[in-house]
Amino acid sequence: MKDPEAREEPSSGAKIGLPGFKVRKIEEEVYEVFIGPQHPGSGHMRLITRIDGDVIVDIDPDIGYVHRTMEKLAEGREYIKNIPLFERMAIHDACNVTVPYVRAVEKLLGVDPPPRAKYLRSLLCEINRIAAHLYGFGIMGIFIGHSTMYMWSFGDREVFIDLAERLTGARQTHSYPVFGGVKRDMPQGFPEMARKAVRYMRKRLPEYEKIFFENPVVRDRLEGVGVIPRQVAAELGLVGPTARGSSIKYDARLAEGYDAYPELDFEIPVYTEGDSLARTYVKIEEIKQSLNIIEQCVSWLETREREAPMHPKFWEKSPPLWKKVYQETGRIKLLPIFASLKVPPGRAVARGETARGEIIYYVESDGSTKPYRVRIVSPSFRNLPVFKYIVPGHRVMDLPAIYGSIDYFPPEADR
Amino acid sequence: MSKMEEAKIYVGNIDESARKARELLLGKMKLGRLVDWATAFSLWPVHLTTSCCSTEFAATWSPRFDAEQYGALPWVGSRQTNMIIIEGTVTTKMACALRITWEQMPPPKFVIAMGACSLDGGIFYNSYNIVKPWQVVPVDVYLPGCPPRPETVARAIVTLQRKIREKSIAGKWVEEGWRPDMKYVKPKEDVCSWWRG
Amino acid sequence: MSGEQETVDLEGLVSKALEGINYSISREKGYVEVSVPLESLREAALRLKNAGFDHVKSLTIVDYIKKGEFKAMYIVSSYLSEELSGGLIALSTTVKRDKAKLPSLSDVWISLLFQEREVYEMFGIEFEGHPDLRLLLLAPHIAELKPLRKEFIVKEEPIIRKPK
Amino acid sequence: MSLLQLLLDIVFYPPIFQVLVVGLIVSLIIVVITIWFERKAAARVQRRLGPYHVSPQLGGLLQPLADLVRYAFQEPIIPRTVDAAIFVVAPVVAAVLSIIPLGAVPFTSNPAYWPIPMENSLLIALALSTVAPLFIVLTGWASNNKFAVIGGVREAFMITAYELIAIVAMLAPAATLSTFNMVDIVEAQASLTWFILLNPLAFIAAFLAVVMSTSGFPYEIPESENEVVAGPYSEYSGILYGVNMGANYLRRFALSILIAILFLGGWLPVQPGDGLVAGYLIPTIVVLAKALIVMLVASFLRAVYARFRLDQALEGAWKYVFPLALIGLGLGIIENLLL
């Protein structure tokens, strides 16, 4: 798979090189290993790694193996059709990924969802966050060879997937938030189910600590590995648990203050060590916070009357029968108006906190039914410099530990 | 080639002896059914994650669904496996990787195309960067859904098992050597044409 | 809009930081846009960095094909200073489509390194001074299409088919 | 007729009989059970079913057999870039050499069924057990694949660490009793007590050495899939890969038998009598059962532990396990003086 011609002297004229290939000479003692895309430790990308002995001296991430051209496709599709499109970016974190897009369009439309819709969104976002963190744990577990960790967290993730499925009707691709509201209200019996899931997870987390975090092998593998100092993390623009493990107290939920988060009571866990273990602990703590938020959301939703979970501008257009069905079952029929929604011209930026970190959408409208430009910068894409700047200097076996702890998800990074 | 010649001094002509052993075992001893049985219960998917269906692929092997009970065990290297589950969209760059991985696998080998994107593009049908997987590798079982539920993936594995045992695919493959269903598949030069720029 | 928190006066901060540079400021939905001419982009970036905006969240290029120009927006914010982190500043400039060249700011904000490579392949905009300007996401024959430019159109089926 | 007689003579020549029958046939069964147990036990810890539908009556016991048959009939690809002779020969030799130590192991105290004279049997068995890993390094080298080479280098690092530990720890019983005769060692355990109680330090060191030598968790470093795919075996396919995988388990089996003999009392509490059944079969089954237990415990670690980093594993081996083995040896010498 190597291209012998790519090893010649760098020529200044060669502008378009092969993706991921640096035109360079190889020193003799350096061993170049292509990790991926078919490799159990790479995910959907290639890491061109150069190894000196057992130490990585240079790493060149070659991504784009899952680049599905979402930004371009979004320019050709109606606003509402983009919601399911963008959710394929981080499919197991669907609500968190789509809420900022919906909010950006809402800013352009000038509508603000009613409080009930905000709480419902936050509820699903937190369920998604827990499921995504458990997914990250599982991948991390298998990366450092702990198959039980993978199985446990994937098994427990099903609890929250079930919860989301009960709420929205889909395992992963919920397409739940829509402009001005949500697609569905809480079904009968959901609060009990949610509380049961929360109780179960609270019982499981100490067991995780026991088999995973207090395991001497795991601690050896993670402690002091991939240390990112605070200043470096800020310079590289890292996001999410990766930044918070390096004592950067930044969370878009607070910085932007969207949905129900300003009214909810939660904390942002921050660790100062900046190593893989700290990043993993951040996720554990975030799961605990998310469990609290779920409880708060459920209690809030339970005590309030069912009122339209959709902005009046849209809700008033629905026929009385639909409203009656909503009152009885909580189901909302999506209005046909969304299919040809004209959005006033303007530009909007919205950010949101997904499980992996901050996602930012720039939406520009020219007044038609389709966006003029959508720019997405996803958390994994912003965490990409970790490979280039943090991994070199570590041993080969540290690469999966760091990869797992930053929870890089290539489909999200490539968009 | 001289190394191969040299090798023959020690181990004989491997191709020739393999062919003879195959004829003896499959022809005279009728081991085809045993091969079918073993292959059906030992479908090891290779670790090639093409897209976001990998989340459901991973969930299929999680405790709740546990596809390992059918004998399918996700394994690490392409050389030791015999099944590819194409997990969703195949992009231009990934198509080449998919093809190379498929060619690295020893026959009899099987392909399950998972998800709407790997059927005909799915939600990304008009994207400029995707490739239809059936142009890259011959597909045995198509599996719709976006993403398919884990039960569906398990069902696809069972379907493939039944197909192998009822039609004796693996036994025939071992006997005859190659499969005929390659007519939609592009040559590797086309799939990987971008590689050398 | 919902819960927009801005703990500091961004306009004041920008006017202090960009003193002496010809710029215009406008408040958009969710961010503050600061447009500078192309020549003073680098200077403005350096001053914003010194004012505490330590990382770039997004390098956004918008292709205004009718005006024949690209608009480049560097959406910056701060991690190290908590009060700045609530606000977003978009440092923007315009560049002609036919000679699409921008100065690379990856030495100012290292977080731009991969985003500039992405813009390079998607729009064909060259970044002068970028240490490692190669393709990132695309295969070479697709990068030649410059897919995010507006003249490259992907066909789309409408939601409602018009009867023939 | 005389040729048949010759063949029978060769097969029933005790060392060869032991290697062929116990080494190949029995160990195949034991390997099947071990792999099945490894997957089933991990599945139980992980709250799932594990292999099942291949043979529902036996709880999926035929799963490793199905995998083996599948491997046997898959095309063994020999890439053009490999050193073909070594590529093909090395795994086979490794597998054969893995069970060769059984040619020196007594399964009974009845001299009629000893494979070889027992004077220095422990030394012979230990010496033979150290040869096989070299061929694993060779497989990695012959593959001419970067991952395989890295895996081979890791294997070489591990060899140097664990072989010494295994030998030093397993010599501790010999030091206590001033003999290299394995039968004497077992007989002495009948009068004293089993060496697992007499010299637990040496036992722990020997057990860890077995786990390390056969790439069991948490020392599964040469084949650590997340960096080096399948390690030295990355280029192997079909039956050759099956042989490679089998060789690993065979070596674990051979070393487990040594542990069973040296530390777990061998065929005790059975006292071998006369005749084939009482003198050979029953003691052999006892030894094999003990070895199986050692193997299963080693396999079970997969469900609990992650894998160490290479430098951590080597550091652990040289800094902690090797001194442990030395202390075990010292303890053996002290016990020798006390006895």
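Per-chain residue numbering starts at 1, and chain names A, B, C and D are given in the order in which the chains are listed.
Everything below uses one rule, namely that a contact is a pair of C-beta atoms (placed from the backbone, for glycine too) under 8 Å apart; a residue touches a chain by one contact, two chains touch by 3 or more.
These numbers come from a predicted model, not from an experiment.
Enquirer: Counting C-beta pairs in contact, which chain pair ranks first?
Expert: Among the chain pairs, A-C has the highest number of C-beta contacts.
Enquirer: Suppose chain centres are the mean of their C-alpha atoms. Which chain sits farthest from subunit C?
Expert: Between subunit C and every other chain, the largest centroid distance is to D.
Enquirer: Between subunit A and subunit B, what distance separates the C-alpha centroids? Give it in angstrom.
Expert: Roughly 31 Å, centre to centre.
Enquirer: Could you please state the distance in Å, as a whole number, between where the Cα atoms of subunit C are centred and where those of subunit D are centred?
Expert: The answer is 62 Å.
Enquirer: In whole angstrom, what separates the CA-based centres of subunit A and subunit C?
Expert: Taking the mean C-alpha position of each chain, the two centres sit 22 Å apart.
Enquirer: Subunit D: which residues touch two or more other chains?
Expert: 46-48, 225, 229
Enquirer: Listing for subunit A: what residues touch at least two other chains?
Expert: 16, 18-19, 39-40, 64, 67, 69, 72-73, 76, 151-152, 155 - these are the residues of subunit A that touch more than one other chain.
Enquirer: Where does subunit B touch two or more other chains at once, residue-wise?
Expert: 62-64, 76, 93, 126-129, 197
Enquirer: So which chains actually touch one another? I want all the pairs, not just one.
Expert: Going through each pair of chains, those in contact are A-B, A-C, A-D, B-C, B-D.
Enquirer: What part of subunit A is in contact with subunit C in the complex they form?
Expert: Going by the criterion above, the answer is residues 15-22, 63-64, 67, 69, 71-73, 76-78, 81, 103-104, 106-108, 112-113, 118, 230-231, 233-237, 243, 248-250, 255-259, 261-262, 339-340, 346-351, 358, 360, 362, 364, 372-373, 375, 377, 381-382, 384-385, 388-389, 414.
Enquirer: Quick check: in the complex, which residue numbers of subunit C touch subunit A?
Expert: That would be residues 1-5, 28-31, 33, 54-58, 60-63, 73, 75, 79-80, 82, 85-86, 88, 90, 109-111, 113-115, 122, 126, 132-140, 143-144, 147-148, 152-156, 159-160 of subunit C.
Enquirer: Which bits of subunit A are touching subunit D when the two form their complex?
Expert: It is residues 31-35, 39-41, 51, 54, 141-149, 151-152, 155, 211, 215, 217-218, 220-221, 395-400 of subunit A that touch subunit D.
Enquirer: Could you please specify the touching residues of subunit C with respect to subunit B in the complex?
Expert: Subunit C residues touching subunit B: 138-142, 145, 147, 152, 154-157.
Enquirer: Can you tell me which positions in subunit D touch subunit A when the two form their complex?
Expert: Those residues of subunit D that touch subunit A are 42, 45-48, 146-147, 150, 217-218, 220-221, 224-229, 302-312.
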